[in-house]
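Naming follows writing order (A, B, C, D and E), and every chain is counted from residue 1.
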Amino acid sequence: PVQAQEKKDVSLAVGGKPLLYYLPLTIAERKGFFKEEGLNVEINDLGGGSKALQALIGGSVDVVTGAYEHTLRMQQKGQDIRAVAELGRFPAIVIGVRKDLADKVKSAKDFKGLKIGVTAPGSSTAMMAQYAMVKAGLAPSDASIIGVGGGASAVAAVKQGQVDVISHLDPVIAKLEADKDIVTLIDTRTEQGTKDLFGGSNPAAVVYAKTDFIEKNPETTQRLVNAFVKALNWIRTASPEEIAAAVPDEYHLGDKGLYVAAVKSSKESYSRDAIVQKAGMESVVGMLKTLEPEFANAQFDTAKTFDPRFVEKAQKR
Amino acid sequence: MSRTFLLLLQVLVAVVIVLLWHVASSTGLFGDPKTIRFFFSTPVDVVTRIGTWFAGGTIWYHLGITLLESALAFGLGSVGGVVIGFWFARRPMLAAVFDPYVKAANALPRVVLAPIFALWLGLGIWSKVALGITLVFFIVFFNVYQGVKEVSPAVLANARMLGMNERQLLRHVYLPSALSWMFSSLHTSVGFAVVGAVVGEYLGSSAGLGYLIHQAEGVFDVTGVFAGMFVLMAFVILIDWIVTKVENRLLIWRPRPATAAG
Amino acid sequence: MVRLALVSQDAPGARERAVMLDGVRITFDLAGGGTYEAVDTVHLAVEEHEFVAIVGPTGCGKSTLLNAAAGLLKPSAGTVRIFGEPLSGLNRRAGYLFQQDSLMPWKTALENVAIGLEVAGTPAREARDRARDWLGRVGLGAFCERYPHMLSGGQRKRVGLAQVLIRDPKILFMDEPFGPLDAQTRLIMGDLLLSLWSTDKKAVMFVTHDLEEAIALADRVVIMSAGPAARIIGDYRIPLARPRDIAEIKLDPQFHEAHREIWHALKEEVLKGYRQGDRS
Amino acid sequence: MSRTFLLLLQVLVAVVIVLLWHVASSTGLFGDPKTIRFFFSTPVDVVTRIGTWFAGGTIWYHLGITLLESALAFGLGSVGGVVIGFWFARRPMLAAVFDPYVKAANALPRVVLAPIFALWLGLGIWSKVALGITLVFFIVFFNVYQGVKEVSPAVLANARMLGMNERQLLRHVYLPSALSWMFSSLHTSVGFAVVGAVVGEYLGSSAGLGYLIHQAEGVFDVTGVFAGMFVLMAFVILIDWIVTKVENRLLIWRPRPATAAG
Amino acid sequence: MVRLALVSQDAPGARERAVMLDGVRITFDLAGGGTYEAVDTVHLAVEEHEFVAIVGPTGCGKSTLLNAAAGLLKPSAGTVRIFGEPLSGLNRRAGYLFQQDSLMPWKTALENVAIGLEVAGTPAREARDRARDWLGRVGLGAFCERYPHMLSGGQRKRVGLAQVLIRDPKILFMDEPFGPLDAQTRLIMGDLLLSLWSTDKKAVMFVTHDLEEAIALADRVVIMSAGPAARIIGDYRIPLARPRDIAEIKLDPQFHEAHREIWHALKEEVLKGYRQGDRS
């Protein structure tokens, strides 16, 4: 029986909507999947993933598309937040080294004393770079972490040689690859790269909301998840060119070819079934425990970070 | 100097800047034009983009939002600055006690405040207005505070002897005397009001010029960034022109540089 | 002419005193540290409806004394009494025409004159009408709409005069009100002042450098010694009859006698002050 | 009012604020304390964190970087503002031509400029200094520009008749006359210099208070954010105190509220 | 005493003219639109080593005329010639004592006086020494370190006097220089001025409201009519011998004759000006 819809207007926050990381959101919006579900979604673009989360906690928005890791962190802060659908199964972060250093720096082992550019200190790009170093037997503080921002400034930092290594996302990586400025060392946009680093999948972007909201608005949540599942399915079957055609022209990085190439390399990272795998959760928990001393002895209840009911229902249709 | 000549010179400056930009982004004179285009776009592209925006009409909506936010920030911030500035200037005790706190508050990085405003005021226009106010307020406040203290002692003594009470002194002496200070700060703060609104939008919103610029920045759409900035500038010049008109009207009593009629 | 004993007004039964400076001393702090004793222990009483002129060498402390009586300056010692009550804060019953320019530059002549009435609650229209009338009386009927910077020095002074007189205060302090005026205009303004003063009980303290003017206008002429630590060194009652025609009074022999005597006393003081300025 | 009494009152204000904060973050009086803690942390935690920072000693390095950046931004920005302000005020033609461009430049959102500065000046301290300068410069500039125009016409005419040339007028008339305007703007811009530096660090850097705050923010460590802000504020109050000292020294010639010695 | 024909100085062989106002007219723009014609077609020549006093009713345009001669105000018509050359821009050979306060408030009395020498390149130490000396001459030796707001009105004026005189300009414009001074100090300052003037060839234009002072000091007394559109309506050569003792000269019968004649001419004008002020 179709339940009555509790809420028609939903406000959603995202930290950097045009990023490929959040492609399913743009597709759901542009392809009209929200509308099909009878939802009116207002998308607020915030300065970063953490700002989006703050907006959720503060009650300014209902749902967020953001990193899965947030749900774990919030659990430690006593905030009850749950993911309802997975959008990206791999982090889609790439660690590359500047071309002129490529013959010296072959893996994370060689990062000692280098300058690593990340989107921002404390962000997931920074954490992944540090995680790679820890796995390679170094300490997280053996390299200096430099925030270089998200857009053109990150490209500038590499081009001008101000950082030696960069841990970043598309489109910065796509641009640097296209200009042949970096050599990729670790590529978590692919299954292989993610497996090499984490030993399995590692959930990245998810849709999450306060548990309160989910409980009070099950039908609205269901419809949201339906829309995202539709978008994921659409992405799986579409060609990179079709995807490029579906997003606004402004997203094309000033060069459609570049965008298509970026989509192609990221395509594998989008979630297949929108379900966060148990192994993936453990992998993220492992990373947190490794990198953050305050979490080293913390107890995480991963079952409380993801609510699979909605996805399962959506898949059944 | 005639108005047309002045205008001509002003346009000339713009032409020179655009020309330099054009040369830099299309020839190798100032470095690799491809890199320059990546960071600065080209004048033609930017103009085309602005044209498309205005032709398409969606820009009006964003412009309207930003305008509203800036106007509110400017209005509330400067009224607040004027009122508190006067109040502090007339209550030296109060001013002395709160002085360090005002100074400290002025040093808070507004970017960090954004989440707090979002918490209190939501993601609608009010959090942006608040951000704008935090910039405008301090600029106006410090100037008004100083302006009130600069009142000529002779004029003040005379006004007091004429029987003015505190309120009348404010209206007839302090306010007119501090006007040029106020206007000086208003010229600065027109720009800052817009900056506040745009930064607020940039940090989190669903509409406005800052939103457009942020969108464009994330995907290397420098053309969009510059187009947004130019629209913004045009629009600040407009507001400032209005402020100047009001200023000239209110400060009509001032001696102009002494020359007799021709 | 009667040379008065200093502070001779202590006699009982005297008219009520409008202004009473009782042992007033004024010392200024200097910027570089140190102090400057401007006025030393002055006793001076001005009765209701008395016109007192104060003369003295430049820099002796005349303006300072008026400032103290107006409540703009707190004496370092002594008290100021206004109609018997010790003054604390501003002297609200006095009008004060300052020595220096003090019109509000952002108001026209008319607005400057009208403001004193307006702040006291007179409706704006009536205040302006009366202000226009007053500007006419000081010879500036055609200059109502001028801002102060568009007026000559003497015109500004006259606007100031109208500004003070229109409020009709019980006590008038005037610091060289006719300084920048030509002789003829001085006479006209002097007449104006006297006629106002005589129709209404007003106490006037009038600072001037023009001894003739002082004698022509005042009931008493007070002479101050040269600073620092200026004191009152002479207090002369002027026995000339009222009403006076100040243009003609100079022909009166009594006038001449008064003038000669006071002039003599004054001259000494000025020379003393002049020499004093040279010492450190 | 004695200095001790004043200090007491000032401390009282701080105590009240901290108390309110404490109550809000530990009882349900102002809403859910958990949420309040999420956004504002608690006074005890913040103090503890600041203690740890100073005990650990690493904070000095970050503080030093930020101090250096702010000082440079403040110094260069205000010198620039003063020089250009004077120059424009004395060359009305120049001022008229560039007027719209200055106003427009003032309206550029600094956050958007950050990448361009990073491109030109790298990620070291200079891009942060540049960002600070773009804030300080305009505040000082507009005030100096106005301040020069406010010189008393009588004093100016006298100085010219005394044979001063343009340079001497600047030194003996315009500069001292505009000093109170300058200082008013300096009080505002001390704060803004720091804001510029911190925002610059926030947008991309490897050290400084802004970096610390940003890092804390990324991992939802509000305690760190607030600890950073408090250190920042303390430090601005200090710089401002120095500015005030200099001001009082330079403006010794002003009439103080008229009272004779006691 | 010789009543001069207006602009009678056109005769050839005359001494070189320091200041020549040739058909100068001055019209002000008013804030609300409209204009005010202050001075109408004035011809006036001041020769080297000539002391010209200008008297006239308040607001007639005396200060305006000095401003034009100093190059601070561009005449609406006519030219100003300084030593034969048309003046464009500031009159660099003149010193000007303004009617209103115009000391630099951020400089002490000493610094204010010394600055005129310093900007001309005198070493600071020497400039200060000479300034201290000058302050002594105007009776303010003890007030060197005072900022202007700590001085009385008359003291400020005297600092201004020293400020102008120390530079020893070829042409002196003085606008009511002795206004806020007492009679005795006036005499002393007048003596000072005359002695400077006579040791050195100086052209002086001296505005005053005190006709006696004008006659005592000047070679010529020029009378202006009341404004608007003020003109020169009298130009009297004073035949008193030099050097003069200005304290005693008032006893000279020639002085009295001159005074009576000029006073008569002036009185009419003042009354006219006074009535005119009433019209719009």
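Things worth noting here:
The working rule: a contact is a pair of C-beta atoms (placed from the backbone, for glycine too) under 8 Å apart; a residue touches a chain by one contact, two chains touch by 3 or more.
Remember, predicted model here, so these are calculated numbers, not experimental data.
If you take chain A and chain D together, the chains in touch with both are B. Between chain B and chain C, the least number of touch steps comes to 1.
Separation between the centroids of chain C and chain E, computed from CA atoms only, is 27 Å.
One simple way to say how far apart two chains are is to compare their mean CA positions; for chain A and chain E this gives 84 Å. Computed from the mean C-alpha positions, the centre of chain B lies at a distance of 49 Å from the centre of chain E. Taking each chain's centre as the mean of its C-alpha atoms, chain A lies 37 Å from chain B. Residues of chain D found to touch two or more other chains are 39, 115, 119, 153, 157, 202, 217, 253, 255, 258.
Residues of chain C in contact with at least two other chains: 28, 31, 72, 100-101, 147, 149. Each of residues 54, 57-58, 151-152, 156 in chain A touches at least two other chains. Those residues of chain B whose C-beta lies close enough to touch chain A in the complex are 35, 38-39, 111, 114-115, 118-120, 122-123, 202-206, 211, 214-224.
Residue ranges on chain A touching chain D, taken from their complex, read 48, 50, 53-54, 57-58, 73-74, 77-79, 115, 120-123, 126, 144-149, 151-153, 156-157, 160, 162-163, 292. The part of chain C that touches chain B in the complex is made up of residues 70, 72, 90-92, 94-96, 98, 100-108, 115-116, 119-120, 147, 149, 160, 163-164, 167. Those residues of chain A that touch chain B in the shared complex are 11, 13, 16-19, 42-47, 51-52, 54-55, 57-61, 150-152, 155-156, 159, 171, 175, 250-254.
Taken together, the chain B residues at the contact with chain D in this complex read 1, 6, 9-10, 13-14, 39, 93, 96-98, 100-101, 103-112, 115-116, 119, 138-139, 142-143, 145-147, 150, 153, 157, 180-181, 183-185, 187-188, 190-192, 194-195, 198-199, 202, 210, 213, 217, 225, 229, 232-237, 240, 255, 258.
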